[in-house]
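Next come two complexes built around chain A: one with chain B, the other with chain C.
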Partner chain A sequence: MTTVTAPAVPAELAAPRKPPRFALARRTVMTPILLSLLIVVIACLTVMTGSRPFNQAVIDVFVRVTLVVGLYIFIGNSGVLSFGHIGFTCLGAYAAAWLTISPMMKKSSLPGLPGWLLETKLPYWESAIFAALFAGVAALIFGKVLMRLSGIAASIATFAVLAMINTIYSNWENVTGATSSVVGIPIVRVIWPYVIAAVVSIFIAWAHAISRAGLALRAARDEPTAAAASGIDIPKERLVAFTISGAVMGLGGAMMAHSIGVVTPDTFYLGLTFITLSMLVVGGMSSLSGAVIGVVLLSALIQALRWLEAGVPIGSDVFALPKGLQEIALGVIMIVILALRPAGLIGNREITLFRRNRNQ
Partner chain B sequence: MLQIIFDSLSLGSLYALGALGIALIFGVMRLVNFAHGDIIAFCIFALLWPSTDAMAIVFAGNLPWFLLIPLVLAVGAGLSVLCEIVVFRHFRRANPATMMIASFALGFVIRYFLLMLYTSRPKSISLLPMLSQPVEIFGARLPLLQLITIVSTVLILIGLSLFLRRTRFGLEMRAAAENFSMARMLGVRANRVIMGAFALSGALAGAIAMIFGSQTGTADIQMGASIMLMAFIATVIGGLGSLAGAVLAGFLLGAASVVMQVVLPVDARPFRDAFVYGAVILILLFRPQGLIAARGTKERV
Partner chain C sequence: MAYIKRLLAAAFAMAVAMGAYPALADDGDIVVGFATAASGFMEAYDKPAQDAAMIRIDEINAAGGLLGKKIKVVSADTKSDRAEGAKAGLSVIDQGAKLVVVSCDYDFGAPAALAAEDAGLVSFFLCAESVKAGIQGVGPHSFSASVLAAVQGATMSEWAFKEKKAKTFYRLLDTWTEYNKGICDGFDWMMPKLEAQGAKLVGQDTFKNDDASIAAQITRIKALPQEPDAIMLCTMMPGAVSAIKQIRAAGINSMILNGSGVDGSYWLSAVPDLSNFYTPVQGSIYGDDPNPDVQKFNVVYKKKTGTDPSSQYVYPGYSMIDVWAKAVERAKTTDADAVVAELEKMKAEPTLFGPRTFTHELHHQNQARYLIVETKNGKPGVVGYWTISEPIPLDALVKK
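For the complex of A and B:
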């Protein structure tokens, strides 16, 4: 996917012949379709089993797919590791909470909200859209300042953003309920809204990746000097990706709020940051397929280890891992995967049906 | 006033030592070691006997101080070198993001290993109890510990800079930090230098563990993380790979935290950290290479 522009350059040099419209889109569209099919198939299987805990586990997976795809939009295309994106998830989750908790409860638990917000109660899907917009605007504002930085300075600056958002939300007593949990968010137990959120985010990521901004940004990731010399405004392209990915993270936050019904600032801090980043890196940092497959595989692994920890009957005995070994095993497996495949499981390839771009 | 200075110096000492531990490894390996905080936690727990009670069963902690201190330092150095041999050696050629996530995964393993043995409850310990009596200096009442923290940090810093400037090993290490491949070509042994950096960084983690453990009187799995976050930031705003910058930025951050606690109006005090992080972003905007840019990390075209 990264080299799809390569044939375009000599063609343009030889003659100003334009490639047919949507050629790039047609060539790459199989990737998001296949990934969405994967999501839908998992959802269908889950509905068929009809088990409630399994349903909830799969909903968690889809929420994480949304989050990790959001991370990919910025990190994968720009090559800048961001620790701050979970901050936008936090903004989205609280925005969803503000919009959907019933006015009666809000008046008592979050009295500091402005009057019009206290009166509103939206259905969850409207609130999710507003949450995404809110997080996107916040990302635009922060990005405006941060996108001038690059490399590790940018990573730490985004981390500072996360820490700032966390500090503010953990202390702003009458608007966010400080560190105590905000309860009363309507819980959505049906799996389909989460499927839609994940699929929408996958298609947004794909559309951005093949857009002018996405191509320019990947060029800047691979050859910053050459890209800048060719007239690419790197901070601007980064800002575009940062805003879009901030909005997707906000959407993921809203979905997360509706899947568990409770939000606290610490849900959206280092733990979630690292687990989502790990999923992205293990899958393959600069590949959309890697982002989705990383989430699905690591989540399956976590689930399998939990299941082993709970105990599996083998014959007449029950085989169970000791408590705590689940996390240790997860860490060890991650290290082994990264040591064997430093670029992630998928590397920077994408899943497609055709073997057209083999020259990667 | 004097109180503020000493508070910020002793907090800054912790950050500076933490930042130094990260900068040492970053210098030779371009690895941002997220496991450092968990190595700190491991050092303090190494003094306790594994148990799930709230009251810690002190095991090695009862040793006299002249045995205790080398023991903790050795535990830190040993664990750190072990991490290098078992894990990071396989990541020499990986890109920084992969190494970062690998180090995080390693920290995760260490943390849950401790959790398995000791549970997540913080344990109260009294490490070197004679240090908590107050002393009076220039009219300010200070805990003796604060004074010792500052003095020992200064001693460590002097010792380390002598080591880096006056010994052959230190010279090799500085050469490796500046240009690793060039240093190797000139006969510096890569593995030895990297292991040395890990050992030093681990010993620094042990020092932080002792200071922090005796300051708070508890052993907590989470204790490394809180220092490490600030230490990371200090390493970056000091100029990644620059040891002097890391120390300077560590003290600056300590001072900023303490001063803001005093200066900010009462309503804004809970938001203190938000202001500190805001200041960090400002510094990065004006000096993206850090306060003291290390020569080896400059981007070449």
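For the complex of A and C:
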């Protein structure tokens, strides 16, 4: 006669075990710190070169880091592909324009703005905060409806949001200047504000990812049925991520407006949507490190190819690629990366100082 | 960690390479920087005008240079992209440009022009025709080499009334671009003056450049008791061809008045035997310009580029270098403020393509001599020239 005795669950496992406070934060905080260090190091190197076009190129990279991290907050954690986030960038950019253009210029070019807004002129960093809040509120409102959908339906619905925002902004003559460029936005050519925006967005993304809402959302991404059975309100957790990522996209939009000094609705449409999405996918969709490194790597690649296009002196000859090869080469390289590493360069890991850390 | 190491190494290598790259200008040269499109859709507009500018630069260099120095050209590609435009502007500024030449279109040239304005340098739009391309949209050091779109609309309506005795006008606006609206703004400013002398606006309508059919608009023209003498067509390529084709196919034979945007013979085969069709141009590409020097220019252009000028938008590039070089000679320096002051003193300064005037309020032409090209049985040719009787005032150009 054999009796099967199931080993009793040890007491220390059966009892609800509470991890020490901030244990998760302590274990993962190296990731945002390292990524921020990477950003700061690049910024320092750029300042050291003293080249203005290179400075502008790196500013562009940091704006994209902000945008792609914004995308990651929603797409990475929820697993729902969104084509609509550049719409929130558009909202942020125009909000920054409304808040920073001098009242005199606004009266002639955007006469339809409400009186209090016409009289307002804020410094760029205040306007960036308001722009982020504005985009966040818009994301909250849209998200309330959209987050009930999932899978491809949600993706297409977000695309509809992008199309809607674009159409409104290309036609509302008095308020957005329709398809004409809105000019007079103060241009910020110092690199540090962009560094700060990128670093802040990285920390926001990290803080959200280890928060209760972030963990619940990732659980719902990997096992929706089990997550729902465990009491996770999936639409609610998605809405939280959607709102936060909308705000970060708005911040990126404001920074973008200040980096070029001109905004038009068609800047914030399909072109920007696909380049930011492909940076996220190439880097690794479900990893914050992937988002940042994807941008830095692809941007470096674009810059190097452009440099080769312009011509490199080798001895007495100038070696130059044919014009337009940059776009083709970039496409080919992206295909190769995705063929070799379908989950992106980083996959779903995060960079840390310790090997044991995986995607929590 | 390996990733970061590799990445840092790559970033560092790139930074070093980029830092070493910008070629510093020789002190003996005056540098002109072109932040224009060498690829992408804007290239079709920028390249011809830039070639024309190069012809003038070569002439100046052959005649001993400017202030005794050679003009050296540096360029950066905007890739027909706004963000790249800002970088291209900064890149030519870093290479020592004293004049920054930017893209034809205001939207695409503005980022580079703003960068030049920031650095306190003179910038010139190659052929922008919006009032924003200058003080209004960039700042006090920015100019446009072309003529305002509004002047084209005003010129055509006044010329048709005075020279062709057109009495009834119809206004058909394609609302797609600022340029189109600009042409009709000029027409709207001129019309009340003509109405006081007996002309009449019998109707107006709008369409969109990508409308496949403008049948509804044509029906309304046909419903008029009498066919209008002239239709002011404020549109541009590519939609212009389809609109013109449909108007003629419907049997409307009124004069069609246009902006310069439809100049060129490349599209005429799409509307066979087009007649009674008028376009204002700064110089003629059809080999019949009344000024023999323009014909000489066309020959030089063909020798340099291998093709004839495709449209009148080649010419502003030449005038641009011409007026800037004159201002530099007079100011005896390339210092931006001194050059701007000299440019603003220009009143009807003669150039190969008509007189040019700049004031402290407007860095653009609000009155210009236009050649009128008539297309008859599918053959374009110059039939006269016209200068509007008074310049278009600033408040008709800038909407309040």
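Everything below uses one rule, namely that the second predicted complex is superposed on the first by the 344 of 360 C-alpha atoms of A that agree within 3 Å, B and C clash if a C-alpha of one lies under 4 Å from a C-alpha of the other, contacts with A are read in each partner's own complex, and residues count from 1 in each chain.
Following the convention adopted for this analysis, a residue touches a chain if its C-beta (ideal position, glycine included) is under 8 Å from a C-beta of that chain, and two chains touch if they have at least 3 such contacts.
All of these numbers come straight from a predicted model, not from anything done at the bench.
**Student:** Is A:160 in contact with chain B, with chain C, with both, or with neither (first, second, both, neither)?
**Tutor:** The first partner, chain B, only.
**Student:** Contact-wise, after the overlay, does A:190 reach chain B, chain C, both or neither (first, second, both, neither)?
**Tutor:** It touches nothing on chain B or chain C.
**Student:** Applying the touch criterion given at the start, work out whether A:141 contacts chain B, chain C, both or neither, answering first, second, both or neither.
**Tutor:** Touch status of A:141: no partner.
**Student:** Quick check for you: in the superposed arrangement, does A:228 touch first (chain B), second (chain C), both or neither?
**Tutor:** Neither: A:228 stays clear of chain B and chain C.
**Student:** Could you tell me if A:34 is touching chain B, chain C, both of them or neither one (first, second, both, neither)?
**Tutor:** The second partner, chain C, only.
**Student:** Quick check on the superposed pair: does A:270 touch chain B, chain C, both, or neither? Answer first, second, both or neither.
**Tutor:** So A:270 only meets chain B here.
**Student:** Once the structures are superposed on A, label A:324 by its partner contacts, choosing first (chain B), second (chain C), both or neither.
**Tutor:** Both: A:324 reaches chain B and chain C.
**Student:** Could you tell me if A:104 is touching chain B, chain C, both of them or neither one (first, second, both, neither)?
**Tutor:** Neither chain B nor chain C is touched by A:104.
**Student:** Show me the chain A residues, by the header's touch rule, that chain B contacts in one structure and chain C contacts in the other.
**Tutor:** Of chain A, residues 323-324 contact chain B in one complex and chain C in the other.
**Student:** Under the definition above, what is the set of chain A residues touching chain C in their complex?
**Tutor:** 34, 38, 41-42, 45-46, 48-57, 60, 108, 179-181, 183, 187, 189, 259-262, 264, 267, 289, 293, 296-297, 300, 303-304, 307, 309-310, 323-324, 345-346, 351, 353
**Student:** Can you list the chain A residues touching chain B in their complex?
**Tutor:** 81, 145-146, 148-153, 156-157, 159-161, 163-164, 167-168, 171, 225, 270, 274, 277-278, 281-282, 285, 322-325, 327-328, 330-332, 334-335, 338-339, 342-344
**Student:** Contact residues on chain C for chain A in the complex?
**Tutor:** Touch list, chain C to chain A: 1, 3-4, 7-8, 10-12, 14-19, 21-22, 38-39, 76-77, 82-83, 86-88, 90-91, 93-94, 106-107, 110-111, 114-115, 118, 132, 137-138, 177-178, 398-400.
**Student:** For chain B, which residues count as touching chain A in their complex?
**Tutor:** 32, 87, 90-91, 93-98, 100-102, 104-106, 108-109, 111-113, 115-116, 225, 229, 232-233, 236-237, 240, 270-274, 277-278, 280-281, 284-285, 288-290, 299, 301
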